[in-house]
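To start, I am sharing the structure in question, which I have written as structure tokens.
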Amino acid sequence: MYNPQLNQHGELTHLLTTEGLPAPILRQILDRARNYANAAERDEKKHTTLAGKSVFNLFFENSTRTRTTFEIAAKRLSADVISLNIGASSTAKGETLLDTIHNLEAMGADMFVVRHAESGAPFLIARHVQPNVHVVNAGDGRHAHPTQALLDMYTIRHYKGEFNNLRVAIVGDILHSRVARSQIHALTTLGCPEVRVIAPKTLLPTGVEQLGVHVFHDMEAGLKDVDVVIMLRLQNERMSGALLPSAAEYFKSYGLSPDKLAHAKPDAIVMHPGPMNRGIEIDSTVADGSQSVILPQVTFGIAVRMAVMAILAENKQ
Amino acid sequence: MYNPQLNQHGELTHLLTTEGLPAPILRQILDRARNYANAAERDEKKHTTLAGKSVFNLFFENSTRTRTTFEIAAKRLSADVISLNIGASSTAKGETLLDTIHNLEAMGADMFVVRHAESGAPFLIARHVQPNVHVVNAGDGRHAHPTQALLDMYTIRHYKGEFNNLRVAIVGDILHSRVARSQIHALTTLGCPEVRVIAPKTLLPTGVEQLGVHVFHDMEAGLKDVDVVIMLRLQNERMSGALLPSAAEYFKSYGLSPDKLAHAKPDAIVMHPGPMNRGIEIDSTVADGSQSVILPQVTFGIAVRMAVMAILAENKQ
Amino acid sequence: MYNPQLNQHGELTHLLTTEGLPAPILRQILDRARNYANAAERDEKKHTTLAGKSVFNLFFENSTRTRTTFEIAAKRLSADVISLNIGASSTAKGETLLDTIHNLEAMGADMFVVRHAESGAPFLIARHVQPNVHVVNAGDGRHAHPTQALLDMYTIRHYKGEFNNLRVAIVGDILHSRVARSQIHALTTLGCPEVRVIAPKTLLPTGVEQLGVHVFHDMEAGLKDVDVVIMLRLQNERMSGALLPSAAEYFKSYGLSPDKLAHAKPDAIVMHPGPMNRGIEIDSTVADGSQSVILPQVTFGIAVRMAVMAILAENKQ
């Protein structure tokens, strides 16, 4: 079966989505990331893996935080990093997306890190680049955000060991979340036997059960005996209007407070992709509490992005 | 004769314009660029030529694409690169251009890459910097864009060999084009016997013949038997109003379509400085066709900018 | 006495203000800066002191000039530098300042260079970072701008030797100036016997004499026999309205013209933090004259910022 992320030897040449990515590839990334994380612990942050390579950060949709993590990851691998705010550039001059890409390729790009408001844009780019050029999806529309999902998998494995006896709950705006989609695919592939989603009906995509998840509309039932609680960020624009009554109402029903968390296993970990809306989707007591692994997620995120870039650079289409 | 770009030994200390630049200097740049281009082909992109040097990109006029090419070129030479969007900075605080320059010089700048909406601004800067500081004009008003012209010369020489038996046509908005001016001077100096310009009367400067070019208003006649076709970008703001009836009308008369290109020699190459307006000055069939060398231009542009910076760094005023 | 900038061994771990900083620490910074300045004179600009370290420029208040000096200083020490315009980023998404800091810390930050419109923000950050993370205040509200004051001390010592027989006048908008506050503290600590401030009453803070300065409202008397004249920048927004009659009126009374400067010692030096408003707080004849050391200040500023970063990196909380 054709997989646009793998070459004919089954090696990773682009990272576009966790959907359809074989478990050995996921584990290869997590294992490589562990090497980088361990080295950083020993204060060996800098590596020469991408010395002489040019990494282009193409953020058609603004995100300082994610762009920064990729910039740091690439610099720690000694790449030359060029960050372009493409919205303000050539597209304004009427150049097509592919013309922009081909131009940057002609400048000697080795890797594109792409965030785009339209689902599928990184796939389109990956289809058209030269065999020695790699594409990393840094978030496309509502579709996928694979490096976020991978750093979440890293975090879960770090604290909980293997996936095959874990119960994981994802809470919040599943409908609009590319993070949730990528997490569900990764968890399923890695053998997690029970993935739950907890959300009001208005924030769930129709047919979400077909992804292999169990649907809950109530926190008490949904969090019961889970090992991992993944909170999603509630976008400001959802907090009023048709989908939700109000932020206060949302917090009351779906905000993670200590009493709701008490239904999970006592050693359950709490995760969040950031940035957090304290008091809306998560209570500060929980966010800063002993079960929170939200800041380690960020640290692992650098190691995971380094691992992805390092692996891609080894493989040709 | 005094040349503000050369020192007393006749060596290049600033690159401000192709006008008045001796042929041996032009060839020195092209030859050095070939070394860098060949090294890049062997995947040796990174050099230490400018290690420890500070290159400042001063873009008083916004241009992500050109700024990016200089940033890449400087980083490939291992320089520290600082990119400043000056419009938004000190000039807003009422500081004069020369105060800004002297301040950056005092910070240890070794080279300024300057783009400015006013013709002559890089010359003013070059006149006031210290003897060990170099200025590269990255486009000033309607005046000059020497690195673009040099990369075009590189491209022509790469595909066509020497200049002394070539017929070159430059097509489009000659009136507002600093690129066209710089190309004409470079082609003439390098011994090209026949340079043609093809444009409607409203897009030609008065007295353009004095630059040594042949003027055509008709594509069929102008492209007849040429070896090289250089298309110019039509700025959006020209496409309506007094100078041109409409974009569609322009394409009909001056857009490069396969049937118009058929009047050129069968092995003629097609060039464009980018970004292209497909369907306005150039047809997609031609832009993506076998005679197009538009993407190689971009690749050569990195090598040419590296060559310019490397040569400048060797010479003192 | 607890000093938030020093560790238990009395070593510098953050640079937040010159207030309360012991003279040996100030001298340590100036001495280290001299090494870097001397090396730069020998064209040895690049050092490996911070190789593998990550320096984050966090400018919550925009300042291209100051940000650039820190960026250059960090790059000359071989650090990886990430510059964030935080105003446009996470704070817009509702994340708290400390959440942003903790996230960047989790990404492996070794040093934060912080500019913030609110006085005290860098102190808040310094109180919450890990023991191996350092904070440099690059200007907070009206409170402090210690690296500017330190480069001014460097400049004075460079031209005038020791501080214990100097008369220094600071002229202009003392009321709103964090630079003036930091200069006064540094001068006093370094043993300068006479610090004067010269300003209209509307631009002086109440009780300024308690800082140990002599107050003058008249330039002739205030500049009489001083060794050093430090002009302050007059912010545009002060030039009209309640505090000042007009820019022209201000220049007449407090602008540094050659005839006013004649009251200082014949070998007095003239300083300005930049960017200058020529013709408002300083006459061009003086700014460009033989007594001006305004551009050397900029050069020394790079060395001083390198020294601060290098010293901080050696010390743990």
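As written, the chains take the letters A, B and C, and residue 1 is the first residue of each chain.
One rule holds in what follows: contacts are C-beta pairs under 8 Å (C-beta built on N, C-alpha and C of every residue); 3 or more make two chains touch, one makes a residue touch a chain.
By chain, UniProt protein names: A, B, C = Aspartate carbamoyltransferase.
Here the structure is a predicted model, which is why all the values come from computation and not from measurement.
Visitor: For the two copies subunit C and subunit A, is the contact made of the same residues on each side, with over half of the numbers shared, or of different residues?
Guide: The interface is built from different residue numbers on each side, given that under half of them are used by both copies.
Visitor: Can you tell me the C-alpha superposition angle of subunit B onto subunit C, nearest 5°?
Guide: So the copies are related by a turn of 120 degrees.
Visitor: Could you tell me the distance, in whole angstrom, between the mean C-alpha positions of subunit A and subunit C?
Guide: Measuring from centre to centre gives 41 Å for this pair.
Visitor: Return the residues of subunit B touching two or more other chains; collapse runs of consecutive numbers into ranges.
Guide: none
Visitor: Which residues, counting only subunit C, touch subunit B once they are in their complex?
Guide: Against subunit B, subunit C makes touches at 40, 43-46, 64-65, 68-69, 71-72, 75-76, 236, 274-278, 295-299, 301-302.
Visitor: Can you check the complex and tell me which residues of subunit C touch subunit A?
Guide: Per the touch definition, subunit C meets subunit A at residues 51-54, 80, 82, 84-86, 88-90, 93-96, 99-100, 102-108.
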